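Notes follow the structure.
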Amino acid sequence: MNKVVNNAAAAIHDIQDGEVIMLGGFGLCGIPENCINALVNKGTKDLTCISNNAGVDDFGIGLMLKTRQVKKMISSYVGENAEFERQLLSGELEVDLIPQGTLATRCMAAAYGMPAVWVRAGVGTEVAIGKETRVFDGVEYLLEMAFKAKFAIVKAWKGDTHGNLIFRKTTRNFNMPMAMAGQITIAEVEELVPAGTLDPDHIHVPGIYVHRIFQGDNYEKRIEQRTVRQKK
Amino acid sequence: MNKVVNNAAAAIHDIQDGEVIMLGGFGLCGIPENCINALVNKGTKDLTCISNNAGVDDFGIGLMLKTRQVKKMISSYVGENAEFERQLLSGELEVDLIPQGTLATRCMAAAYGMPAVWVRAGVGTEVAIGKETRVFDGVEYLLEMAFKAKFAIVKAWKGDTHGNLIFRKTTRNFNMPMAMAGQITIAEVEELVPAGTLDPDHIHVPGIYVHRIFQGDNYEKRIEQRTVRQKK
Amino acid sequence: MLDKVGIAKRIAQEVKDGSYVNLGIGIPTLVANYIPKGLNVTLQSENGMLGMGPFPFEGEEDADLINAGKQTITEVSGTAYFDSALSFGMIRAGKVDLTILGAMEVSENGDIANWKIPGKMVKGMGGAMDLVAAAKNIIVAMQHVNKAGESKLLPECTLPLTGVKCIKKIVTELAVLEVVPGKGFVLLERAPGVTVEEIRKATAGKLVVEGEIPEMIID
Amino acid sequence: MLDKVGIAKRIAQEVKDGSYVNLGIGIPTLVANYIPKGLNVTLQSENGMLGMGPFPFEGEEDADLINAGKQTITEVSGTAYFDSALSFGMIRAGKVDLTILGAMEVSENGDIANWKIPGKMVKGMGGAMDLVAAAKNIIVAMQHVNKAGESKLLPECTLPLTGVKCIKKIVTELAVLEVVPGKGFVLLERAPGVTVEEIRKATAGKLVVEGEIPEMIID
């Protein structure tokens, strides 16, 4: 059950042009930095990226936008990226904006083998256009379909050789539901340990969901909004 | 945000005759022993119990069956209980048998604010009778409704004064989805600690889902099938 | 007339002891600073945290610990982390007692528009649609009129909607108003020094004024 | 003719390296003892565990650590625990590669009945309906005939169904058979010393015999 690959290049080697991939993280928090760099190096094109955000101009998914590798973004908020805006307005880039909770839940549906889920978000708005609606107990819901993504690429704090993952603080975000939603899940971790090292009660994503794992390096972990208070 | 109550009697004081309650545990593993005893002492009647199993004759929910406090069991497997069988065959007790995964998922649906879920289990069987079916991608699913239970009663290993819960080994079972599914969730724990003691990354159920918590005592933790191997 | 801090202070009075609260970006974030001492309030951040603390001290920022506005923050005693699916699960299940967020427009029946202006670059709705569709109690913090001087309290929203019939209360620089579907914007309080007439002029939707309208008390 | 251990040994040959396997109660549980050394196989227990180990040594039982048969068990290196909802989630999502379970009846098109006998006390289906509805590959371990001497491999099941068109393979004391919907029970192997004719006599459903049928190799 050893799922260890050598590095990011090996982990993403078979991601083809035109593929649908999920990328974990929220803003720049907990993003799979090594795999994004490897995708930029590999030059894979026409990707459809399911990711809550689209990075910034010079970091995260922004790096893949700069190299025009992304055909379509499926996100809830894409606001911090000038290149993104340019490509979107010029028609080079498609974007499908969906509510953040719906995005998370469509990942979770895939993770749990549910074909579709009923959600309230978007009822009565343009998000509901073309979608089936239904009233349960007097409340209206939309039918939203589970995502189908060939690859999910996530970043965890620690992982073991069986693929078990542990996250740190708010990095669990989309990494956890996406890790469980991919047909092939690739996890990069800050620290890779032998199976049996992690406390089985502390594991956030059981290894059955993870197909390839490696220890990343040179994590920048950039902060998007550095907000501080002064010591009195 | 202090949710601590003194004991099991205080925690269950307002559970009325005829109420729908969820009880965590799998077999006798991780059952809320203190609360079950308190319900027996209080003598609450006509209860509908959502619980994967029904205990054994002299432990767990079996104690409430002996005192005829249960009107209906909603379970997936009820096989280890002679008194249960007697009451069922005599018509004193109603039982609604549903697939174990469906049981868990109907709890989870309530926990996640989903009104209903599509599941495959039971398609083409008597479980499907009267249920809406639908084909997604060539596969048929049943529409199963989220549970509505006023009270969920669960047992965790550790908990803090804010209601955050941590489970040990296979006791997470139905305790975790039920803890998040109750309108009022009561948690008994082996060790109650001040908020801030538990590692925030290790918490299985966030306190927002838990309304009352207390440290139980005299846990018997009975083993249903003691299977061992011999040292060579 | 209130400044942003004043709006935040007034909304802070709406926060109840023992409650779980989700704060949007902007004025709502400021509310955290004015929650009365002695109240036990837990802040939920929809990126996956219960028990959000203040900004970190300089040099103690942790890239792995941010809020939904992507700002560095801290833990409090009793914090719990979780993933985005569970985060919105608890919101949908009605476990979050109060959501406070900004708006571009609110209508008489409680519709809200706060994510999209046709013709302008659309950044996305983030978690706003999920929050307004699910929270039990939603308070809008906003200016009464927009930069062009037009009322943001309308008979019907003109911008694409974020949610329908969901807003319960509005706090602006001029007033506190309750949204009663079928009735309109019921005026509850005036900002210090602001007259009912000034509020009426700034409100395009139906304003309901019943009896004497008290002035807000803000310390 | 095989005994229970023989059936378990033969099924163990079906287990692939690197796979995740769920074992039902009874003969399937025995399979774990005969998985070839050197194979990396992870056992899933649907009450919330990946990486199920053997029974504990006497005195080392832990009431908090049981399998889906409620037996005390142990961890292995790399075990992970989870709740029942996630457990069935991973089963439904097709992450479990192989499910092995017992049956009362199997039909020519792969239907299975294994939970209810009309007129007898019904104990419940447990997780069986979920497993047969979701697993990618399901092998049934059972006796070829019931105690009354009647075949359990039928044109159609007579007992209430657990699942439809889901069984891929059957291993009995007499034979290994593949279930090919529209075709029938395709005989793959004979148990040592058992003739095709004996198998045909014990099979009420359509038995497909193509070419020479080899004898199983079991050590």
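The first chain written gets the first letter, and so on, giving A, B, C and D; residue counts start at 1 in each chain.
As a convention for this text, a residue touches a chain if its C-beta (ideal position, glycine included) is under 8 Å from a C-beta of that chain, and two chains touch if they have at least 3 such contacts.
Remember, it's a predicted structure, so these values are computed and weren't measured experimentally.
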Between A-D and B-D, which chain pair is linked by more C-beta pairs in contact? B-D
What is the chain whose Cα centre is as far as it gets from that of subunit A? D
Chain-centre distance (mean CA atoms) for subunit A and subunit B, in whole Å, is 33
Between subunit A and subunit D, what's the gap in Å when you average each chain's C-alpha atoms? 37
Whole-Å distance, subunit B centre to subunit D centre, using C-alpha means? 28
Could you put a whole-Å number on the gap between the CA centroids of subunit C and subunit D? 56
Could you pull out the residues of subunit D that touch at least 2 other chains? 75, 81-82, 85, 88-89, 91-92, 134
When you check subunit A against every other chain, which residues touch at least two of them? 105, 108, 112-114, 119-120, 167-169, 200-201
On the basis of the stated criterion, which chains touch which? Give every pair. A-B, A-C, A-D, B-C, B-D
Spell out the part of subunit A that touches subunit D in their complex, as residue ranges. 1-2, 110-114, 160-162, 164, 180, 194-196, 200-201, 203, 206-209
Contacts from subunit D onto subunit B in the complex sit at residues 45-49, 54-73, 75, 81-85, 87-89, 91-92, 111, 121-130, 133-134, 160-165
Can you name the residues of subunit B that touch subunit A in the complex? 105, 108, 112-120, 136-137, 139, 141, 166-169, 200-202
For a test of understanding, state which residues of subunit A touch subunit C in their complex under the given definition. 26-30, 52, 75-79, 85, 88-89, 97, 99-105, 107-108, 119-127, 157, 167-177, 204, 221-231
So in the complex, which bits of subunit D are touching subunit A? 18, 20, 40-42, 44, 50-51, 75-82, 85-86, 88-96, 134
